[in-house]
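Next, two complexes with chain A in common: one pairs it with chain B, the other with chain C.
Moving on, here comes the complex of A and B:
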C-alpha cells in the first residue's frame, strides 16, 4: 500500500459517512413534504385500520411524556449515584462492584430490558401496561449512559478547588450544589439531552411495557400511551400507510435532531469560549 | 439547618445509589429467574442447539440455534462492512488539522448515532431491501445481507469514535517528530498511526459487534424474520426480533413465555461477557498508552 491509495481510502470513507447522513435526512425530509401539516401533527389517528388517516398527536405527546419520565428518573438516580461514588464512597471494593454492575447493565440490549420491564414492573409490581412502566424501563436503559458520564465529569474536577472549598469549612452538599453544578451546567445538560434522545427513539422497550397502536393522550401515569417510534413501526410493518409513515419518521427525526442540537449548542459555545 | 441539609444530602445520595444498584441487580436476577424454569423441561444444551422453534405445537420444541446463528451472522456482516469505512474515517479524523472541520465531522457522527433505530429500519426497508431485490433478482430482499448493511451504518459511529480516540492521541504524540523527519502525513498514517491502532481496532470491533447483536427494531424490519438457518441472501431472525415479535402473544407463565426469556438470557449473558472483555482490553490499552 502506498500513500495515494491510503489517502483515497480515508477521504472516501469520510465523504461516504457524511453523505450517508445527508442521504438519510433528505430522504425522509423530501418524502414527508406532502404529508406534514399542522393538522397531521395535531390530529388524532383515524381511518380503518387506525393510522391510515388522521394525524399523530397522541404519539407525539406520548413520546414527549415518556421521555420526560425516563430522563427525570434516570437523572436523579444517576446524579446521586455519581455523587456518592465520587465524593462519599471511600471503599474501593464497593466502587469496583458498583462500576462493574453499571458496566454490565450498559451492555444489556434494550429488548431484554423490555422483558424485565414486562415481567417485573408490569406484572410483579402491577403497574400494568402504562406510561409509568415504560418510562421506568427507559430510565434503566439510559441510566448507565448518564451515570458513567457524570461520574467521569466529577472525577475530572480540579482537586484544589474541592480542597479549598473544604478548608473554608464549606459543606460538601453546598460545594456540589453551588460550585460544581453551575460550573458543569452545560456539560450536564448536554449529557441529559443526548440520553433523552436515545430514550425517545427507542421502540423495543416500550412496545413490551405499555405502548399501544391506538390510545388517547395519557391522562395519568397508569394509562397506556402511543409513541412515535412504535407508531412508525406499526404503520410500516403492517403496511397501513406509507405516506403517514414518512410523516411520522419526519416528526420523530426532527424531535431527536432538536435534542441533539440542544445538546451540541452549549458545548460548541463553551469550546469557543475557552480558546 | 445547614448541617441537617448536609446530612440529608449524604443520606439521599446513599439511598439513591442503593436504589439504582438494587434495580440493576433486579434486571439480571429477574431475567435469570424467569428463564431457568424452562430448563426443568428442556435441557440447556438442547435449547441452544435445537434447530426447530415451535413452542405452540402439540408437542412443543424450542431450539434457538437458527436465531443464535442469525444474530452472529448479521452482526459479523455489519462489522465487516463497517470496519474499513470506520478505520478510514478515524485516520482522516486524526490527521485533520482544521478544528472547525473536525468539529463538524464529529457532530455528523453524533447525529448518525442518535437517529432512532426504527428510522434506520424504515429507510433500510425502502432503500436497501428494494436495491437487493433489483440487483440479485430476489423474490424478497429481506435477508441477512440487508440486515448487515443497515446495521453497518448504525455501528459506524461507534467504530469511528472508538478508533479515533487512539489515532488522535498517537497523531498528537508523533506529529512533531514526523514533521522534523520530513515524513509526509500519508506515510505517517500508514506506517505509524495505523499499526499503532491495532488494539483500538480490536476493541472497536467488539463494541460494534455487541451493539449489532443487541439491536432490535432495524434488524427486525429488514430481515424477514423466519426461524430458519441463515444464508447471506436468505431470511433470518435474530434473538431480539424473536422476543419482540412473540412476547405479546406468549401466555404468561407458559413454556413459550419462559423460552423467550431464556433466549433473552442467552443473549444477555453473551453481551455481558463481550462488554466485560471490551472493558478489560480497553483498560489495558489505555494503561499501555500512558
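Moving on, here comes the complex of A and C:
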C-alpha cells in the first residue's frame, strides 16, 4: 500500500519529463512553421535590421564548426587528465585537489567564462574575435563534463584486465591505446557527443569571444562567425523577428536532439547485438 | 637440481600489515612447484612479488632478495622481467577482443611483425594449449564468447606467446568444473617440460597429482617444502601434519 504513491509519482515524473520534451518541440515547431523550410536553413540572413528576413545558414555552419573545435580540444585535454588521474597519479592529495578544481571549473557561470575568453584569449593572446577563441572558451566549459565521465569510466575498468596486460610485460600507454580505447570506444564517443550538444547550445561563452550578429561562414580559425544560440538571442533581444527566432530555436533544438540521438546509437546497436 | 628463482629473506608488507615474513625458497628449473596453505597465508602475494606486480600496490614494502637466474629481479627491466615471468590469474582474463587479437596483442607489443609470423606463433600456442582444434574456424570471434575453461586456456596461451621462462599460476582451476580442471592439469604437466611452473592451489589433491615439489605456507611464513611424494607421505613439521589432516584450513 505504501508503495503505491511512490510508484505513481515515479511513473508520473517519467511521463512528465518525456511530455515536456514533446511539448517544447511541438510548441516551438507550431510557432516556427511559417518560416521553416530548406531555404530558411540554407540562405544567408537578410533584410534590415539583418535577420528580419532570409535564413540562418552561416549560423548553422558556425555552430557546427565551433562545436567541433570545442569538442576536439576538450576531449584531448580531458582524456589525458583522466588517464593521469586514474593510471599515473598515486598521491591521494593531488587527486583530491585536481578533482576539486575540475568540479570548480564545472561550476563557473558561462558568462564568466565568456569574459575570461575575451580578456585572456581575445586580448592577451591576441587571437582576436574568432571562432578559435570561441571554440577554446567552449572547450573549457565542456572539459569537466568529459573529464569526469571518462575518469569514472576508467576507474570502473576491471583491475585484473590491466594486471593481465602488465603481466605480459606491456606498458601502460600501450595498454591504454590498444586495450582500453577499443574497449570503451562506444562509451567515449557518446560522452563526447553529449558534451558537444551542451557546447552547441551555449550563447554566453561565444558572444564575447567571436560571435557576430552578421558574418559569413568562417573561412579560417581566425574568422568571426555566427552561432545559432547567439542569433536567437539577438533576434529576440532586439525584437527583430519573433518568427525567425522560433525558426532558429527549432533548428538548434533539432541539431542538439540529433547529436543526443547519435550518442545513443552505439548503445542501441550494442543492445541489438546482445539479443 | 638446477634452480631458477631463489628467494632470500623475502618479506613483503602493505603499510603495517606484514604479508610475507622472511621467506627463503628455491624454485627448481622446469618443474612444477605447488604452493599450498590456508586463505590469507600469502600464497597469491608470493606470486605477485615474483613478477613485481605487488610493487604497484600502495604503501608496498619489499625487503630481502629475489634472484632470477642469479640476478636480482630489481636489476632486470620491468618489461623484460614480466615477459620472462608470466602470470595466469584465478579468473580467466580474456581481453574484450577477438581470440586472434588476444594473442596478437602482446606479440605486436614485443615486436613480432608480419601476419605470417603472427599466425605461426598464434597457431603453435593455441595447439600447445589444446585450443586450436576447438577455435580454428572462429579466430575472429570475441574471446568473451568462449567457455570458462576455454577462456582460461586462452589466458595461458596468451602468457606463453611472449615466450616466458617461468609461468606463475594463481589457482587457475578454481573457477572451473572437473572436466576443464583435468584439461588444464594435463596442460600444466605438459608445459613443465619447457617451463618452470609455480602454481598456487587450494586443492591438496591437485598439488599431489601434478606437482614435483610442494611448499606449505602459514601466516606468511614458509613452513615446509619438499618433493611432493615426501611432503604428503612424511611431513616433517607439526603444522603441516595438522593442515594435511584437515585440522585447520
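Convention: the second predicted complex is superposed on the first by the 249 of 275 C-alpha atoms of A that agree within 3 Å, B and C clash if a C-alpha of one lies under 4 Å from a C-alpha of the other, contacts with A are read in each partner's own complex, and residues count from 1 in each chain.
We adopt the following convention: a residue touches a chain if its C-beta (ideal position, glycine included) is under 8 Å from a C-beta of that chain, and two chains touch if they have at least 3 such contacts.
All values derive from a computational prediction rather than experimental measurement.
When the two complexes are superposed, the chain touching more residues of chain A, out of chain B and chain C, is B.
Once the two complexes are overlaid on the shared chain, A:212 sits clear of chain B and of chain C alike. Of the two partner chains, chain B is the only one touched by A:88; chain C is not.
Looking at the shared chain after the overlay, A:28 reaches chain B, while chain C stays out of its contact range.
In the superposition on chain A, A:174 makes contact with both chain B and chain C.
When both complexes are overlaid on chain A, the residue A:146 reaches neither chain B nor chain C.
Legend: residue contacts after superposition of the two complexes on their common chain; A:70 is shown touching neither chain B nor chain C. Applying the stated contact rule after C-alpha superposition, one finds that A:202 touches chain B and leaves chain C untouched. In the superposed model, A:59 lies in contact with neither chain B nor chain C. Shared contact residues of chain A, touching chain B in one structure and chain C in the other: 171, 174.
Chain A meets chain B in the complex at residues 1, 3-4, 6-7, 9-14, 16-18, 20-21, 24, 27-28, 76-81, 83-85, 87-88, 98, 101-116, 118-120, 123-124, 140, 143, 147, 171-174, 176, 194, 197-198, 200-204, 207-208, 229-230, 232-233, 236-237, 245, 249, 252-253, 256-257, 259-260, 264, 268, 271.
By the touch criterion given at the top, residues 51, 53, 56, 58, 78-84, 86-87, 89, 91, 93, 95-97, 105-106, 108-110, 155, 158-159, 161-162 of chain C touch chain A in their complex.
Contacts from chain A toward chain C in the complex involve residues 90, 160-161, 163-171, 174, 178-179, 182-183. Contact residues on chain B toward chain A in their complex (touch as defined above): 2-3, 5-6, 8-10, 12-17, 19-21, 23-28, 30-31, 34, 84-89, 91-93, 95, 103, 105, 107-112, 114-119, 121-123, 125, 127, 153, 156, 160, 184, 186-187, 189-190, 210, 213-217, 221, 240, 243-244, 247-248, 252, 260-261, 264, 267-268, 271-272, 274-276, 279.
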